[in-house]
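Chain IDs A, B, C, D, E, F, G and H follow the sequence of writing; residue 1 opens each chain.
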Amino acid sequence: MTTAQAITLLEQFRSGGVGRDAVLRAFQAAPVADLGFAQIDLHRSLRKNFPEVVYGAGKTPAQVALIVARLLKAEGRALVTRVEASHISALRRRFRGVKAHDAARCATLERRPLKKRPGKIVVLCAGTSDMPVAEEAAITADFMGNTVERIYDVGVAGLHRLLSRLDAVQSANVVIAVAGMEGALPSVVAGLISKPVIAVPTDVGYGASFGGTAALLAMLNSCASGLTVVNINNGFGAGYAASQINALAAGELS
Amino acid sequence: MTTAQAITLLEQFRSGGVGRDAVLRAFQAAPVADLGFAQIDLHRSLRKNFPEVVYGAGKTPAQVALIVARLLKAEGRALVTRVEASHISALRRRFRGVKAHDAARCATLERRPLKKRPGKIVVLCAGTSDMPVAEEAAITADFMGNTVERIYDVGVAGLHRLLSRLDAVQSANVVIAVAGMEGALPSVVAGLISKPVIAVPTDVGYGASFGGTAALLAMLNSCASGLTVVNINNGFGAGYAASQINALAAGELS
Amino acid sequence: MTTAQAITLLEQFRSGGVGRDAVLRAFQAAPVADLGFAQIDLHRSLRKNFPEVVYGAGKTPAQVALIVARLLKAEGRALVTRVEASHISALRRRFRGVKAHDAARCATLERRPLKKRPGKIVVLCAGTSDMPVAEEAAITADFMGNTVERIYDVGVAGLHRLLSRLDAVQSANVVIAVAGMEGALPSVVAGLISKPVIAVPTDVGYGASFGGTAALLAMLNSCASGLTVVNINNGFGAGYAASQINALAAGELS
Amino acid sequence: MTTAQAITLLEQFRSGGVGRDAVLRAFQAAPVADLGFAQIDLHRSLRKNFPEVVYGAGKTPAQVALIVARLLKAEGRALVTRVEASHISALRRRFRGVKAHDAARCATLERRPLKKRPGKIVVLCAGTSDMPVAEEAAITADFMGNTVERIYDVGVAGLHRLLSRLDAVQSANVVIAVAGMEGALPSVVAGLISKPVIAVPTDVGYGASFGGTAALLAMLNSCASGLTVVNINNGFGAGYAASQINALAAGELS
Amino acid sequence: MTTAQAITLLEQFRSGGVGRDAVLRAFQAAPVADLGFAQIDLHRSLRKNFPEVVYGAGKTPAQVALIVARLLKAEGRALVTRVEASHISALRRRFRGVKAHDAARCATLERRPLKKRPGKIVVLCAGTSDMPVAEEAAITADFMGNTVERIYDVGVAGLHRLLSRLDAVQSANVVIAVAGMEGALPSVVAGLISKPVIAVPTDVGYGASFGGTAALLAMLNSCASGLTVVNINNGFGAGYAASQINALAAGELS
Amino acid sequence: MTTAQAITLLEQFRSGGVGRDAVLRAFQAAPVADLGFAQIDLHRSLRKNFPEVVYGAGKTPAQVALIVARLLKAEGRALVTRVEASHISALRRRFRGVKAHDAARCATLERRPLKKRPGKIVVLCAGTSDMPVAEEAAITADFMGNTVERIYDVGVAGLHRLLSRLDAVQSANVVIAVAGMEGALPSVVAGLISKPVIAVPTDVGYGASFGGTAALLAMLNSCASGLTVVNINNGFGAGYAASQINALAAGELS
Amino acid sequence: MTTAQAITLLEQFRSGGVGRDAVLRAFQAAPVADLGFAQIDLHRSLRKNFPEVVYGAGKTPAQVALIVARLLKAEGRALVTRVEASHISALRRRFRGVKAHDAARCATLERRPLKKRPGKIVVLCAGTSDMPVAEEAAITADFMGNTVERIYDVGVAGLHRLLSRLDAVQSANVVIAVAGMEGALPSVVAGLISKPVIAVPTDVGYGASFGGTAALLAMLNSCASGLTVVNINNGFGAGYAASQINALAAGELS
Amino acid sequence: MTTAQAITLLEQFRSGGVGRDAVLRAFQAAPVADLGFAQIDLHRSLRKNFPEVVYGAGKTPAQVALIVARLLKAEGRALVTRVEASHISALRRRFRGVKAHDAARCATLERRPLKKRPGKIVVLCAGTSDMPVAEEAAITADFMGNTVERIYDVGVAGLHRLLSRLDAVQSANVVIAVAGMEGALPSVVAGLISKPVIAVPTDVGYGASFGGTAALLAMLNSCASGLTVVNINNGFGAGYAASQINALAAGELS
């Protein structure tokens, strides 16, 4: 029930069009969805340009296509993460304009693309094997209306590669730093810049990497300030959070 | 070596005032600190209002006092976290105006307090036992020039407490959500608002809480978007990152 | 040996019908099965309507069919969990009336279906990926003679979905709450109702979910009272325990 | 806002006593606490005989006394768990009739004791070292209006001790089985009876017990059906859940 | 160098047949293998009836056949554990009399079978899924010259099954107790008998069984005396150690 | 109830001295302790020379003294492990002849010392810090009637120390090998001898020793055959199991 | 920018050939790569005979071939680790002289082979299953210009095998000791020699080996001095570090 | 038995001074200690300048003094690590010239100080809290005859501090890099230099540092080549290994 609908209802009540019990029931029956959570609804409309995202892993191509159809109808655009070739095929059979981002394991459909907000998000990754996660972050941030700059393969074992790109890194509003193995890149970056750094551990590594746990722990224990961390391989989460911050910096969300 | 100094040196070289080797040595000898890292220096001056913070734990009162003296001289203000009574006493013997924040286990000295920037940071905590960590976050954010609103004891086992404060939570630029035990608060909050949520696990709990690991893992695995996580009990880290984001939202740091 | 049989034996002994050694042997030879464990036998007949269940995983189709044949003969009904297509085929080749519950990965054969006892068991799950485990719980509880209501996809990241179904949840005798990832759903539910909540962690998630460990720990550390937990993915165990409680509430088992 | 208040408001609106905006604001301003969560309030009044419990650990004697005062005023009774001598002293200085349960590390104040409901809860423990946790469970269940029977020191290394008490165990509505070390007791018990068994691991043990983790894992992996588990040392949680189930069996909570 | 060879050498030296340096070199060059470790050689000849065993996993059929050929030549018999069908085929192509023990995943070749020593080894297992590990233990012990009695599917969830076989268990010299899931069987058994019990955890289970870790920890933390533990799934190790103990009991190895 | 008592009862019944119900009650009332578990009783009398042991840790001096009094009356001897000075004092105040084994943290009272059985148990330890655990094993084995030889400080970092004592090690019936840190000693020993080796990990170490976990895992993963393992620091368990094996070798327990 | 280039630039500036801003820009624009990190460049040229290595796992054959082509052009030689058959084929289609080291899972291309430096590196492994990792270490060290001696299958369960090769081990400059399971070999070796020992845990084992964690922890906790450790299965890392040390011993790298 | 003694014995045998059996016994009786391990003895005399070190933790002052007395007599010098004030006092009461290294928690006694070998060992540490471990490494290396340069507080969060000291770091033969928290320093350093880097994790940190595990895992998973790792806080081990390598570089140990 929108505010407009609530006003109409009250006016109908005052004019005798509906009875007292009907008004009461309307307000009581579904307060959460309709009134009690008007804030939520409001807030959901505020973030209309942050459409729901489909996590493809473990879903059949048919299921993914179904959800995308619903999103497209409601939002005009959709992002599907962790897709496989079969998901892409299913989407292409049903929709036009499906963009497959192979490196990111993502697909996007954008009938009404978002205008880019000012401010830049830089996505760093330590090694080429971390690229799928970094790309998932980059595609997500891009899809949500941000200008994204990728600076890849700048791991700490060859520090000069990172340092030579420092200007670009420092000019971002938010930095996403993706790394597996020892996960040192976000700490080094957060020590060099004054903007928020979102650290993404990946499961790149072997042996005592324990599926990315080593990198995750390193990032949580960083001695550098301004670092926050998301789950192992959670490129989407990092891209989403970075976009929220960049939107704040652009004066949105207020 | 500043750009001006570099120009002077080059002119002296051309005019014969200094020899070639001297120029070469000047550029080579300390390139990192003076020229190669001019960016870093610049950036450090940019974040002058983010003074270094003293981690009190494991330091003697004398050591803490010494470091604070240096910071006061350079910055005019200092924040000491994880203080004990003996640290406070030592600071008070040496400095005037030491504020002890008992609940936060922090002390602050502010000869030149920062002006509050616009935008609000809300600090939530799940239970009263999580308060020391929440207060550390709140004091840090406050100290760094932010308006902070505390909403405590709003754990998910009594959801109405949180929901009844939803307006206040939604009006923040950034939310810090502190919780031990099952660590569910940040997920619930991030599902209700569209702003960045920084999750802080605490070691409150017993048994299979494993010193806060249960809460940490819950937060890293949140199904809500826009959540990033800091180390267990790291209230300072959350306050610092929230302040960075709020400064971005205020148009600073650009 | 029942009490009646024991009395008969003693009377035969006194009347000389059996000798002393025969009596002694009867009491000594198999005390566990016959006398010492008469209680156990009694209790097993009490739970006749809780037939043994076949755990299909790791068993060949032939093995499953064999065990089911034995159960059908003894009980007239059987539940097989964690089945694959090959199990279903093998069962169908041998028995009529095999019901395959695909989502639950279960099969049931019920020649003599149980009458539903009063009282309702509600099965909640956080996300659609948790459905197989939730369905295993639901099928188990249904099979054991309970009315089951499913409320799915009500994870805490969209709290309004749960809150809008609160009436239904509160009207249950027992609630089974199934969740992977951060595992917060059971805590939130247990804070909202006064009935027993059985929490089931699932291995849905990735990275630091560690195969469901994050959700398991969250549930064990819940700050909400009245919550008990079963093993990761153990939908059957939750359905079984919920049925026991519902039977108690119906005045059975006493 | 109660239903009565809502009706009054609507009537005032129709009669012109209040304006449309005032009505709208009343329904919108605090929907959660007042209308949207009427269910919650209702439900809280339903569980009035389950008063809030004070977790003493980490609270000062003064804090505990303050919370108890509030509970006594609202409920007429209070249970404090994990108390130390200083908590007891503080309570006794302020209140009359404080009962200290040393073995359980609990204190109770009961001006209006609850009438015992029918049905029995049996609390088992494996070794004498597990007694504090078992007693916490027993005192909690007793305090919540249940008849409790304690059967202690019946660990599986001396199986005859448990078997000789089997009748008593089988006559309970719910069994709480407390064990540290290898944590086998709940599995053995759940195999012998048809009632719900709540397993409580304790941190009794050393070496590879890892603070109760060994017992916890054993209980979660039990091959016996009908077993649910609470956190390590969580005697209160087990007593609370057992009381909920026993109340259901007594026809309450419906 | 045997003692006889050493004497010969010394005599040749005294008679001038070999020089001093040659003697010195003979004693120094290979002291470990030839003289210093005469004890080891002796001891190896003592355990001739404990032939080396081939661990098949990860070896090609050809490699397994090669090693078996060497063992057969030296010992006249061989045991291969963790075999697959391809190993069996390769062995049968090359040797006659290959016995495949499918349940145990073992193969044996015995041209000169060992005479059974007196004394019995009982192998227990908790569930039918633990059988491969139990069979590996049983085949190993049998192959090493012991009379082995198998008592399977006697897990603690149906205690009467174990208790009804207690006589047989108590008549063994050594008991091997194999269990996955909660791993309680060895504790219960060791509480009932006075002979050594060797506990073998298996990886049977799911979720928080963590590949057998739950059972392993339970066994290590057993409150019953006289229990020792081997690695997860290490049926061979248990059979070997049980055979050593049984040989001691038979008066061998002294 | 012994067999003799059972016969007497039956004869009294036949002669009319006791009624039918009394007989029935005698057999039913305590079937476990008296009849159903006659086997257990038998077996317990068989191991009379394996008296129950008091685990001192966490018990008050008064509690320990009480239990010891009961044991002394029943058995004439007692072993208390993990004692502190206060336990010793309390025992000495009450009993004569208390022997304090400081290094082993044990106390023994032996009014009727056991005759030593033939066969030797050797206790090895890797470093001097492992001595308390090794001594607990040695005192236990000695107290249970075994000849014990201690060979200490023979860790693998100085292999010659162990090799020079090889003869003594090989002459044992059972070897207990105690080690912390990397826990390699038992593997090396089991490779050198043909008798059962019981490995005891200790918590000696720091850092990634994780309280003895490193040594425990090393021992469980030993590539040497014939090794079984007990819990970290469980010297008593190793001494007990070794004594059982040595008793078997001496022809006892059959 | 080399020193020579810098001198040229300065001379051109003095002679008017280039302007002041051009000089300034040259020094400022890329200080890291060109001047600030001249040290790094220098150092990279110093280690020219340590060419970059390609980690094959997770790369397509085409990707590997591309990187190898680049390395061959720059260095004239390349080492690819963790190769599969498809990598080898791709390399052979494009390059001549590809050597496949099957056991090591490596490939090498050496148009200009390095001259062997004096000093020997010995690579030990405990079991034949550890060979792939040992071979990776050996091939790496050999490829980097070292004489390598392999001594395999010398695990501690048959100590005489190691002791009989002690002379060879002691004559090395550096020893690489590779072991899975209990990981004891490096400790034993480091106790016997005075040279640096690099320990490599492998994931050989099962059950509580936890993918090599048991061996890793054992090595980290070694009681022998002079032992350092690399990641599980990291044969390349051990070979690289050993080569660095051997080069130091040969008077290189200074 | 030295070679000289062996020769004497053989000559006495040839001249009839001792009989054949006496020679045989001399070679056989203690082959390990006397002949078989002559290599070991030799090697131990080679490393005379690597005296045994006393690990003070857990030893009484009297025990430490006793061992030091023995070492002083044999070696003329001793190093005691992990000392407390009471150890120092006890040493000073008994010996002159005891040097207490407070920061390193070490004491040294050097009657015959070693001459410094050429080549430098650099010890880096990330934060001031890591200093005790770094100092233990530095004192150990210094005591073993190496020139040591300390560069402290150069953690990666302030990279310019490390880079400005790069020349000094690159001029070392071996670098020891000590770090807690995220443990990134050794990776960064190993990427910048071509010499061996020994990484020492410390337990500095809190929360998910898990006592130094985070830093340990980061170091083991380093993407930089040439890095080897020792146990958490094992400064001594790093100093010892670095000294071995530096001795090799100086042409010793060959």
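As a convention for this text, a residue touches a chain if its C-beta (ideal position, glycine included) is under 8 Å from a C-beta of that chain, and two chains touch if they have at least 3 such contacts.
All of these numbers come straight from a predicted model, not from anything done at the bench.
**Student:** Show which chains lie in contact with chain C and also with chain G.
**Tutor:** Looking at chain G and chain C together, the chains touching each of them are A, B, E, F.
**Student:** Looking at the contacts, which chains touch chain C and chain F alike?
**Tutor:** Chains touching both chain C and chain F: D, E.
**Student:** Please identify which chain has its centre, taken as the mean of its CA atoms, farthest from the centre of chain E.
**Tutor:** The chain lying farthest from chain E is B.
**Student:** What is the chain whose Cα centroid lies farthest from the Cα centroid of chain A?
**Tutor:** It is F.
**Student:** When I count C-beta pairs in contact, which pair ends up with more: D-E or D-F?
**Tutor:** Output for the comparison: D-E.
**Student:** With chain centres taken as the means of their Cα atoms, state the distance from chain A to chain F in Å.
**Tutor:** One centre to the other, that is 60 Å.
**Student:** When the C-alpha atoms of chain C and chain E are each averaged to a single point, how far apart are the two points in Å?
**Tutor:** Taking the average C-alpha coordinate of chain C and of chain E, the gap between them is 40 Å.
**Student:** In angstrom, rounded to a whole number, how far apart do the mean CA points of chain G and chain H lie?
**Tutor:** 24
**Student:** Which residues belonging to chain E are in contact with no fewer than two other chains?
**Tutor:** Counting only residues that touch two or more other chains, chain E contributes 32, 36, 40, 159, 166, 192, 207-209, 213, 216, 220-221, 225, 231-232.
**Student:** Using the contact rule from the top, write out all pairs of chains that touch.
**Tutor:** By the stated definition, chains touch in these pairs: A-B, A-C, A-D, A-G, A-H, B-C, B-D, B-G, B-H, C-D, C-E, C-F, D-E, D-F, E-F, E-G, E-H, F-G, F-H, G-H.
**Student:** For the complex, which residues does chain G have touching chain F?
**Tutor:** Contact set of chain G toward chain F: 126-127, 155-159, 181-184, 187-188, 190-192, 205, 207-210, 213-215, 217-225.
**Student:** Which part of chain G faces chain A closely enough to touch in the complex?
**Tutor:** Per the touch definition, chain G meets chain A at residues 30, 32-33, 36-37, 40, 57-58, 201, 203, 211-213, 216, 231-234.
**Student:** For the complex, which residues does chain E have touching chain F?
**Tutor:** Against chain F, the touching part of chain E is residues 36, 39-40, 43, 46-47, 50, 53, 119, 166-167, 170, 173-174, 192-196, 198, 216, 220-221, 225-232, 236-238, 240-241, 244-245, 248-249, 251, 253-254.
**Student:** Looking at the complex, which residues from chain D come into contact with chain F?
**Tutor:** For chain D paired with chain F, touching residues are 129, 160, 163-164, 206-209.
**Student:** Which residues of chain C touch chain F in their complex?
**Tutor:** Chain C residues touching chain F: 3, 6-7, 10-11, 13-14, 20, 23-24, 27-28, 31-32, 35-36.
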